[in-house]
Amino acid sequence: MTRNFSRLPLILLLLIMSAPIIIMYAFLLIDTVTNSPPGSAIPNAFTLSHWRFLYDPGATGDIWGPTLTTILFTASIVAIVLCIASTAGYALSRLNMPFRRFFLAGVLVMHAFPLVTLIIGVFLVLQFIGLYNTLTGVVLVKAGLMLPFGIWIMKGFYDTVPWEIEMAGVQDGASRFTVWRRLILPQVKPGLFALALFAAIDAWGEYMLPRILAPSSNFEVLSMYLNTVSDPDSTTYNFNLFKSVGLFYTLPILALYAIFRDRLMTIFGGGTKG
Amino acid sequence: RDVTVKVWAGGTSESSMYRIDAIKMAADILSREAAVRGDDLKVNVEGQTWTGWDDFKQAVTLAAESNTAPNIIVSGHEDIGPWSKSGLLRPIEDYVDLDAWPLNQIYSNLLDVATFDGKLWGIPEDAEARPFYFSKPHLKAIGYTDEQIEALPEKVESGEYTLYSMLDDVKKMQDKGVVENGMGFMPRPVNGTDYWQFYQSFGGEMTDKETGKLLLDKQALTDMYQFFVDAVDKGVVPSTYLGTAWDSWHDAVAHDKAGAWHGGTWHKAEWETKWGLKDFFGQIEPTLIPAGNARGRANTITHPLVYLLSTTGSDDDATIAAELISIASEPRINALHAVKSGHLAIGEAEAGVPLYANDRWTTIATEEFLPHANSIPNDPDFGVVWKAMYKGLEASWTKSSSVADAVDGVETEVRTTLGDKVVIR
Amino acid sequence: MQIALKDFTKSFDGHTVIDRMNLTIEDGEMLALLGPSGCGKSTTLFAICGIHRINGGQILFGDRDVSHLPSQKRNVGVVFQNYALYPHMSVYDNIAFPLTIKRTGKTEIDRQVREIAEMTHIEELLARRPAQLSGGQQQRVALARALVRKPDVLLLDEPLANLDAKLRLEMRSEIRRIQLETGITAVLVTHDQVEAMSMCDRIAIMSRGEILQVATPTDMYRAPETRFVAGFLGNPPIVFVDGRVGGGRTLQTERGLRLPLPSRLEGLPEGQPISLGIRPEHIGAGGDAEITGKVVFVEPQGRETLFDIEIAKGTALRSIQPARDDIRLGDAVTWSIDRDRLLAFGADGKAL
Amino acid sequence: MQIALKDFTKSFDGHTVIDRMNLTIEDGEMLALLGPSGCGKSTTLFAICGIHRINGGQILFGDRDVSHLPSQKRNVGVVFQNYALYPHMSVYDNIAFPLTIKRTGKTEIDRQVREIAEMTHIEELLARRPAQLSGGQQQRVALARALVRKPDVLLLDEPLANLDAKLRLEMRSEIRRIQLETGITAVLVTHDQVEAMSMCDRIAIMSRGEILQVATPTDMYRAPETRFVAGFLGNPPIVFVDGRVGGGRTLQTERGLRLPLPSRLEGLPEGQPISLGIRPEHIGAGGDAEITGKVVFVEPQGRETLFDIEIAKGTALRSIQPARDDIRLGDAVTWSIDRDRLLAFGADGKAL
Amino acid sequence: MRMRSYLIGFAFLSPALVVLIAFFLTPVVLTAIFAFTNMSTSTGISGGAYVITGNLLTHLKDEGVPPKIADALSKTSFSVDPETLARAKAAGTDPQFLAEIEKQFSGRTFDDARSFERELKGLRHRPRAIRDLKLAAGQFELSILNARFATAAEARNAIDTFLPSVPAETVDQIVQASYTGWRWTTANFGQLFANPDTWRIVLNTIFYVATTLSFTVFIGLFLAITTFYLPTSVATAFSMLWLLPRLTPIVLYAVMWKWFTWDGGFVYTAAKALGLPAFNYMKGSVPTAWTVVILINGFIGAAFSMILFSGALKAIPVQQLWASEVDGASRWQQIRYIILPHLRWPILFVTSYQTLSLLSSYEQIWLTTNGGPGRTTMVWALEAFNTALNNYTGNLQYGLGAAMALVLVIVGVTLSIVYLRLFRFDELLSRPKIEF
């Protein structure tokens, strides 16, 4: 930007508006290492006791099992979304087929319409294929939910790959599949990466689906684990402990985000435009 | 032979873990009995609990649809209606010997509660009362003497002391400054059977005695809604009260910040173990729920949980599960749950178990409240009425609609959904 | 290999872009498809290489009818305007790609890649990524990749459009050299007349999906068959003066201006509408006739200077001459005009 | 208004791009900033209009020091390379924008917009959106918008770069006409020598943030002060031959080749290193000396033909001549060379 | 030839099609189907059985079934006679036990299971396990009550066998009425329409969507524009900050808001210190509850729109901004005349996209106010969810819930189609350039 305008008033205004976020997240950090009761602005003694859940399953139950489950859960979703979205996005962006228009419109409509309200239907489908109350089922549903978005994003990325590369590949004698795999896919790596990140963040935080579709599964994910810690009916409710677990749960996302921020942003710029 | 029996329990917090643990103990006993008999049988129990009811019932229902329901379900007796109708339950009477120990000593009225359509579907797991509580120090602050306080339960029972008397008293407490404004009266903060007690206080009945159909008494409903609106108008409870967190409620009532409230007998256990309540009897006076007006009566509702046998699994599994339920109903084992969680005994013999008999609270509850207790119907359609009733209560309480409109809304909803399956008066 | 388009027709969404075009490219020849933007040059090229389906006619490679074969089976090499190098592969891998696809052996690939790299002078660049190359180098890589599989025909779509002036000059001769060296049949699509004239054996000039003239560059410049062609070639462009044949070998405009007609046009009926094309280099550089006018615009261009001379109200001729600064804006000048090199066109645009 | 840069210095992130540049643009003059890409032309322009802050020195508009004023207060008109029209406004609104900002009255705005639209010949386009205009029309609108507020100076950043060849030719004279008509002081940034030469009163030639020479186009072409300037101007470019002063008015290359030196250079010490610049138009077009060589490249360009003649192994000269096809590749030719128009530079690159 | 290229397209698309059909299309279709049923917990989802119960027969008396027949059908008895003995034998009852039964009780009838079982328990060869005893006893039962018949025919058959004298219409009527599964009905919509509560929720939903949306768009715009004018480092810091709500797992995010607004929470404490009313801001009053709901969702949405707007801002050719500055525009004028017009499409996009997400999202509300206080912040999607799947009474009304969901689906699809038009969908679809 040019420096024809002044900046300080803007920064002040922004700070005021961001106050709730700053406060909430600052105390999220502070409260995990102090004993301040909710609402007290000045933290008292420093303590690591709220982190004892890391080694002491007695505090809130074993956390490493759910952590591992969540990692698996997230990884599977990411893998499925990437595989399917990268092929379907390519088809919609580049390949000749009847009803292409219809498919694309369908993806767009679905993309805009989250499915949680149709959960009974989803339940029946899962039950029908025998995956109700299994993590596999939830993985499939969650991946399915993200697909329209993923396909849409990938289509956007494919659209930016010059046709000439594809034409050159075909001229060089490669089949469309080879062209896709060896020439086009490498061009949309940033898209794949961004989508993977996005899917990972989304899957990592998922709460509704495991809760409804796998309530008693043997594998608990962290969101459900965290919710048991936060149960407002429980009289042992402890904000500080909850926040520690919550922070533990959120850190991977924050880390991913902080490290790959720019890459992640491409998805918002690239995908959701009109 | 290794058999795994799954048990799910709803509305279960740490103090009521014996709902599951009793089954585990039973499994141990059953395995040992088998070993003594020389049978090769090892029974494992997989328990899962939910602290709330919404998630639990959702999970059970969906699991049942996908044939993965647990073998034993611990839920409120009112679920027997819909669940038996949908084929989720086996009638437990086909699996257990009611003439033999320990089931033959269970209170027959509790068994009646677990009976639907002429069949016994579940074995009661606990019983309870849902008393009204007064703060003794605050009563004294507005001029009650010790004797008057002691006489209060009787005055309530006789109908002399009504809900409106209570409103006046807590208002006085607030005016006196011993209770903060808006904390005079602290009803249960969320939906629950308790609210049917107020309906009864104003003369409402849940079933029509003649036809056996569900009954909606508009007058009682109107009076009951009006009562809470009056309470709001008096300033003893906020209009936005419903939905308050349990924690805030526990904190207030256990630390003597409220004037009067109501809850379950089991809450005493929670206040003592989790909220540091030292002198329950010195601080709190329990009574029945007072009558609301001349039409109604002082009452309390017992909402027994029952062990239910699901249709999941083989008949053999069900047989074993049923045996576990029988064993878990042994007085000594069940008394662990009753005393630990502040619930009431399910049978005569249990009342004699020292752990239970020596407990002052359970004794009071059993003797003073249980005789006046009734329960909600098992009718599969009762949930519709209940949901409508609570919606109407929320609407009028928050003043989003007038009492009359709220009652009309309930009537419309119940009538359109259930038609003539319900008698509306 | 000789390439022939027979009644080639192409339409997009029912809109016919090219209607029954016929064109033959001789074996080993480099032919330019020259025309303004949107005239169908790229469409023709894409039809030849099999990216577009043709809607009618035939495309023959030698005797083989390839009209309905997909690109993969046609064996053509294409150099795209933006090179279309595979950005994630090294130069080596880019060039090797067509061979890898054919499952050629490793050592054979290596041999062929190095051979073509040597020919295109990019031996030192093989390890780099396309992004690390200058435009001209990328162009060479694209050329190498197109040639490595020994295609029957080489197609170039505006190969120099993305290069800067200096590189363009250099790559022009470079591409021509390689084409001559390999003896491959080639088609060059361009809208730059200099490119077409300097690189190709013959030029096919196109307008609105039609081929107007096919000829060698010199013939086409000297003897354009139509007014369009005359106007398209030449920089600064030719100036046309419209009028009718007047008394004896002159052109008379409506305003009464008279200009000499080439002697070869004697015998045209008096009064016939005619359009005279005068190239700037034919004014002021000797000749047997003269024109007089006022200089209305002077543009020094370094080596040369461009003048606009108003010879009558509203009619200006253009003259280009070696740089001179003796003439200023507004001067009246009388310059020679080479009447026999003037071009003349009939009302139908055809050369007379 | 006279514009003066005094010791103007600009750095980006500590990296100095322009170091103490001095330049004066006279009132009413149009000056070209000509130089290769990245030499700092745009940077200079942006400093003048206040988009960049300067790191040192002064910028004077007449007597007014504007060095530290924001753009809004400088009263300059700028035409950006891509026109930077506001796509969501009609042409009228685009032009009216600078006046609207100043809260000029409606009728006054209307008068001024129509006046400037007339001058730029876009009266009929006022209702359209920029997207509905051709490149040349957009260019005119941008010009109109820059001029409507009667700026003290008009800055043009590569205004013709995005136009096609024909339009470029046309807009060249158009911009110049408007500049002359308004008499505004103007700075034209370009890397195209023809543009600079044909449009401007003077050219300032830049390289790496430095101004090498400021002169009129003709002077600069004829008498470049440095080898860089000589090489930068001229199309086809000049060819340099390096060597030393040999026996009597000749240049001797290392390989023993001899070339005549201009007569004005008599008296140079024998053996002094020297670089001779030979422009293609000075070979084969008359002159008092001759060179002999073999034609190694022929490029017909329509009106003219370009030849590369190898006069010794590894040394080729270039000649451009009116189109001729009597010479073929490989022919041996002997052509005249105009020795007095040859350019010569010393080892330091300065003209001798 | 052409077929071949189509096949490639479908091959690439098919994995997505499978998943989307399974998890989008089928649920939508199922929801549409359920919406026209009275499906609930007690009817079950996957179908019912035919069960004749005592209560049913009592009820049927009102419906015109002759009391005599009803009473006769509701009889249960255990009878030891040759027929039942043969049945027991066929069922594999221990012969010795059977012999004992025949000897002791032949010709006797018992009125209820318990008395019969008590008698059986006295026999020497009784099975040791009570379950086996009951199974054996069951063979002697004469009753049609409480048996689950899978099909209507079986039920009809059972009645005919049990009481052959019942007229066929009555049998039909009973069998019809005994079906426990769901039935087709359009009552769900009538009920929704008739219920005043529905309209309150509709209003709530409109209010919620409109206010949250405005918050989202305005704050997003404000953030995008301000950060646009700031140095990258500051801009990055703020945009990272504002993205946190979107990234934080919802369970944690909801609780952080509780911490912030709860009794004794941050706002509470701060308000108290400032002498302002201190109470549970999330649930303690309707205006604050709405404010909190809007903020919770608005903060998430603001991050989203900020990113989109920032992207669009970056796409504005910087020369246009320079040009406007050179033309003399102040910052506000630049925003007003150059920047905002550029953001027209992004704003429209955010508006439409967020409308849809807000309409159908409820997790945040569910986990925070849960529609409270009272039902003042209840919105359509949450009510649908509660009706269909999640309520205290456990009375899950799938049919009604599906009807509510269907309304959302229809609204959503309609809006989407409008938006597709609006966004010139055709421009998104370029024709494949390789035609083979």
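Couple of notes before you dig in:
Per-chain numbering from 1; labels A, B, C, D and E assigned in written order.
The criterion applied here is as follows: contacts are C-beta pairs under 8 Å (C-beta built on N, C-alpha and C of every residue); 3 or more make two chains touch, one makes a residue touch a chain.
Keep in mind the model is a prediction, meaning the values are calculated, not measured.
In terms of the stated touch criterion, the partners common to subunit C and subunit E are A, D, listed by label. Think of the whole protein's Cα atoms as having one middle point; the chain whose own Cα middle lies nearest to it is A.
By number of C-beta pairs in contact, the leading pair of chains is A-E.
In whole angstrom, the spacing between the mean C-alpha positions of subunit B and subunit C is 93. Chain centres here are Cα means. That of subunit A falls 54 Å from that of subunit D. Separation between the centroids of subunit A and subunit B, computed from CA atoms only, is 41 Å. A separation of 72 Å divides the Cα centre of subunit D from that of subunit E. Shown for subunit C are the residues in touch with two or more other chains, namely 50-51, 70-71. Multi-chain contact residues of subunit B (touching two or more other chains): 55, 58, 65, 245. Among all residues of subunit E, those that touch two or more other chains are 45-46, 262, 322, 325, 389, 433-436. Subunit A meets subunit E in the complex at residues 1-2, 4-5, 7, 10-11, 13-14, 17-18, 20-25, 27-28, 37-41, 80, 83-85, 87-88, 90-92, 94-98, 100-101, 103-110, 112-122, 124-125, 127, 129, 140-141, 143-145, 147-148, 151, 159, 163, 166-167, 170, 176-177, 180, 201, 204-205, 207-208, 212, 222-223, 226-227, 230, 239, 242-243, 246, 249-250, 253-254, 257-258, 261, 265, 268-269, 272-274. Residues 317, 319-320, 322-330, 333, 337-338, 341-342, 344 of subunit E touch subunit D in their complex.
Chain contact summary for the complex, subunit C toward subunit D: residues 37, 165-166, 169, 172-173, 193-194, 197-198, 217-218, 221, 233-237, 279-281, 285, 297, 299-304, 306, 320, 322-323, 325.
Across the complex, subunit A meets subunit B through its residues 123-124, 126-127, 130, 132-133, 211-212, 215-216, 228, 231-237.
For subunit B in complex with subunit E, the residues that touch the partner chain are 53-58, 60-61, 64-65, 75-76, 78-79, 81-83, 85-88, 91, 93-100, 117-119, 190-192, 211-212, 238-245, 248, 315, 319, 322, 380-384, 386-387, 390-391, 394-395, 397-398, 400-401, 405, 408-409, 412-413, 416-417, 420-421.
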